[in-house]
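Structures are listed in the sections that come next.
Here come two complexes built around subunit A, the first alongside subunit B, the second alongside subunit C.
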Partner chain A sequence: MTGTGLIGRVRDAGAGVGPVGRQSPGWQVVAEQECRDLWWSGRGPGLVFAFSVVLSVMTYLAGTGQVLNFLEQREAVNLTLQVAVAVGVLVTLVVSADAISGERERGTLESLLLTPVSRRAIVVGKLAAALSLWLATFVVSVPYLWVLGRGVSLVGAALLLGLLVGTLLAVALALLGLLISAVGSSNKVSLAVSLFVLLALFAPTQLPGGTPKGWFGDLLVRLNPVDASLHYLAAVLVTGHTWTRDLSLLLSPLVTAVLAGGVLVAAGHRIVRLHGGVSGE
Partner chain B sequence: MAGVQLEAARLTKRFGDRTAVEELSFSARQGEVVGLLGPNGAGKTTTIRLLTTVLAPTSGSFSVAGVPCTRPSEIRRRVGVLPESSGYPGHQTGTAYLRYHARLYGLSRSDAERVAGRLLAEVGLAERASSRISTYSRGMRQRLGIARALVNDPAVVFLDEPTLGLDPAGQRQVLAIVRDIAACRGATVILSTHALHEVEEVCTSVLILHRGTVRTSGTVGDVTRAVAAQRYAQLRVPLELVGRAREALAGVAGLTLEPADERPDILRISLNEGPATRQGGPNTGMNGPLRAVLSADVPVLSFEVEGARLSDAFLAMTREGAQ
Partner chain C sequence: MKTAFAFAGLLLALTASLGLAVPAAAAPPPLPGAVEVVLDQDRLSTVVGERLTVESRVVNSGDAPTDRLVAHLNVASLDGVYVDLEDWSADVTREMAAVPAGGSRSLSWEFQAVNTGSFDLYVVLMPNGASTAGSGPLVVSRPVHVTVAGKRTLTAAGSLPVAIVVPVLLGLVAAAARYRLRRTG
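What follows is the complex of A and B.
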């Protein structure tokens, strides 16, 4: 054999790599690598570019179009912010839905599970990487909102509100995506289920004439984390409500985040595993 | 004597109604290379996944380098694994891949970089360290996988079919690395493979699994002697006298005639060797069949005795289990 040969030493029994030097926490190492994979592979930049094209068209229409330019400036800012939040969380959900089942299918999950990094830390690392996509889409939307909001003292509040509500929603949907990805029997299944969830959550926001009125309509809005968040943005930015008045609308994204995160934290070691599906391994 | 690095006691894994591994017990010492053998579905991969904490056992226990299975994270710090169907991120370079895994074991960036460079050199991939993994051949990927299994300087290394799909040169390279892992690093190696010649070449002991249970274990020589008591011989006689030779051999006890491949003039004799036949004597061992053929006035053109091999033991054990 040429070129090989282990420069070894007879090891001490029980030895093994322990924390040496200035080491990073496991979740951070996973997050860094996931971010590199996402952004260097071209997937992240591609999604953000597509998002910026959509936003450009929307902003152009809102500024010059014969129909959309009749929108009051506040409504134009709100509409653009809603699109930014909606598309941002959409891509976050899709990326997180691929995070575990995709690795499983590519055969790289086993080597990750064989490391001392806990499954909980793996989930947190993947969550952080997925959220980087949401943050990128939000940063891209800042100049558009600034252009549309010129002249009204709304841009700063809209940006802060969008960042807070969007991050809450992105965390909720990313955790939901990770949960689906963990229990999905295959990558196809987890992506299909995630897209179905997206459709189910976004469909009510696109109903002609809005959601049904009355207590039932209100209940539907409040149960749907996406619809509830977008209603909250509109209530503050367009109707002029205070930030605290409709906070109850943010209950459903918060509950979704807590429930999905809770399941991943409590049962992470059982559901983040080599084989997907809901049956025992 | 080197200490026990791996010990399993009555390890069992069930998937629903199906038992993949049942009451598995064995131990391995420091520097040993243990061949894990068994037909497809015997439970080899499940055994490795249990011992590396990827799967949780249904019952039983095990320890790695003295760490009990109740501390899986600590065990993962002490084992290195090349899984059976390991995937590799094609867009990463060999260095980036090893550096990432080294950091997952708690190494700092600089230490991880150093370890990655050293291991790539050790497995003969230094020149391709900066190439994307997608450009690696299968053999190079296997060596990269072995390097990854060594990033944490493990006490026990599990290699699940490391030579599968490799050309002879690639197989030789991997086997040399396996030998070095045990000899130079003093690590215990568990080598799961279907290639029995590899086991005979590099393993100090074997464990034959069948249907999730240990059929036999011990050194290659012990297992072969204890289990593969059959001995084979090939007897060539004139083609026109094959029938008479067969008749003569039919009268010899403890003997089976097996078909020889595409050579009707060759009779393959399988002899069940018992204690009596090992003592020597005019009619013991292969003497009986030879005497019978010669007594029937059949000239023997050639006679070749084959010693018992590990493959005989393997087939004997797994065939018996299957029945």
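What follows is the complex of A and C.
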């Protein structure tokens, strides 16, 4: 974000003469500016383009698999939805992991902190901008899910489920990314830690499904927000469970969001700050 | 003295014959005849790829508890199609605790119909106690007759237009954004 641009916009908003109007809260101004930077700078469209290439390959492979009858259509929809959620969440995490430590390293955080916007509003604005990327990836995944699921009347359920579960997971991991970004000593560290966390959370989802895991394995699945969310999607879409039967699986992404968000809200003024020894340019 | 030796020899012979007879008397008890396994369905029709669930109930209507048991799900083709059981279900063998006299236990079997054709699906119970493992008789359920029809699946060609058009459009948007950014500096 360009801190100087934001200063003017926040002051205008405070005076009630800005394009966002008198009623615009600070977080909305931050979110608007962040979204502009994300989407007009070319980073957002580039990430969404890369996302669509991944989904295209997945959809083509799923279609080929169905021709050979190795992949049932429900599983093809589930697989594509899981990839859409996982990659969508990945890019959201990457953007949020850069949000504070990136500003700090580019030397724009100081200007941002000088604006009459609370630290909490800065965090909420950056979270909203990161979530705009998740929503964009979700919109891109709609035609893929439609083409795979239209034969089994699964499109509506898959889209609604993907939107709800994916948004919950995206909020949880975006908040985690923001927290890591706020406490990280450098942008490299926060990006590396965030990616490591995501890979560590994503790796268990690649274990062969259907194998009995015992109570400890089940506990690990439930503790892992990514694994638990993807299990929930599969339980509803493939196994045909009702939406309420496995709701407990969504506890871990909910708890992650509450914990990470709680820390950011409670300690935002202490952790969203400049670090000594970090030069601007 | 001779009489004492003869008496001791007679006792030894009797004991030995009794000792030899013991294993025959302690042969592993088979599953009580009153044990049966009942499936909740007789007939199923589905299409290939669908996931189905069959509930089984092990009922011990006898007056003695069973030993520990192993329940095994099996699928047999009735029209010569090769059945790879692993493809149908990853969980076909379950250990069961003893079923008390007059009691019952339920097991749920989830499977996926991966071949088209006509199949019989059944559950077999085997004793698994320390002394009964490997002995019979086995208890077999009535079969569930499963008819699996083929279906028209999505072709790769059907998904190809979306797989090509969406990235091309988004690539153009991304390129335009980058071009505009370069021009405005």
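Rule of thumb we're sticking to: the second predicted complex is superposed on the first by the 243 of 281 C-alpha atoms of A that agree within 3 Å, B and C clash if a C-alpha of one lies under 4 Å from a C-alpha of the other, contacts with A are read in each partner's own complex, and residues count from 1 in each chain.
As a working rule, contacts are C-beta pairs under 8 Å (C-beta built on N, C-alpha and C of every residue); 3 or more make two chains touch, one makes a residue touch a chain.
Predicted model, so just to flag it, every value in this text is computed and none were measured.
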Which of subunit B and subunit C A:V30 touches, first, second, both or neither: first
Partner chain in contact with A:W40 - subunit B first, subunit C second, else both or neither: both
Partner chain in contact with A:V238 - subunit B first, subunit C second, else both or neither: second
Subunit B versus subunit C as contact partner of A:L274, first or second or both or neither: first
Contacts of A:L112 with subunit B and subunit C, given as first, second, both or neither: first
Which of subunit B and subunit C A:S185 touches, first, second, both or neither: neither
Partner chain in contact with A:V140 - subunit B first, subunit C second, else both or neither: second
Set of subunit A residues, in rising order, touched by both subunit B and subunit C: 40-41
Subunit A contact footprint on subunit B (complex, rising order): 3, 5, 15-16, 30-31, 49, 52, 54-56, 65-67, 73-74, 76-79, 81, 83, 85-89, 91, 100-108, 110-111, 118, 121-124, 126, 143, 148, 150-155, 172-173, 176-177, 180-181, 183-187
Subunit A residues within the subunit C interface of the complex: 39-42, 45-46, 48-49, 52-53, 55-57, 59-60, 62-64, 66-67, 69, 71-76, 140, 143-144, 146-148, 151, 209-212, 238-240
In the complex with subunit A, residue positions of subunit C that touch it: 48-51, 89-91, 110, 112, 114, 152-160, 162-164, 166-167, 170-171, 173-174, 177-178, 180-181
Parts of subunit A lying in touch with subunit B, wherever the complex brings them together: 1-11, 13-24, 26, 29-30, 33, 37, 40-41, 106-108, 110-118, 273-274, 279-281
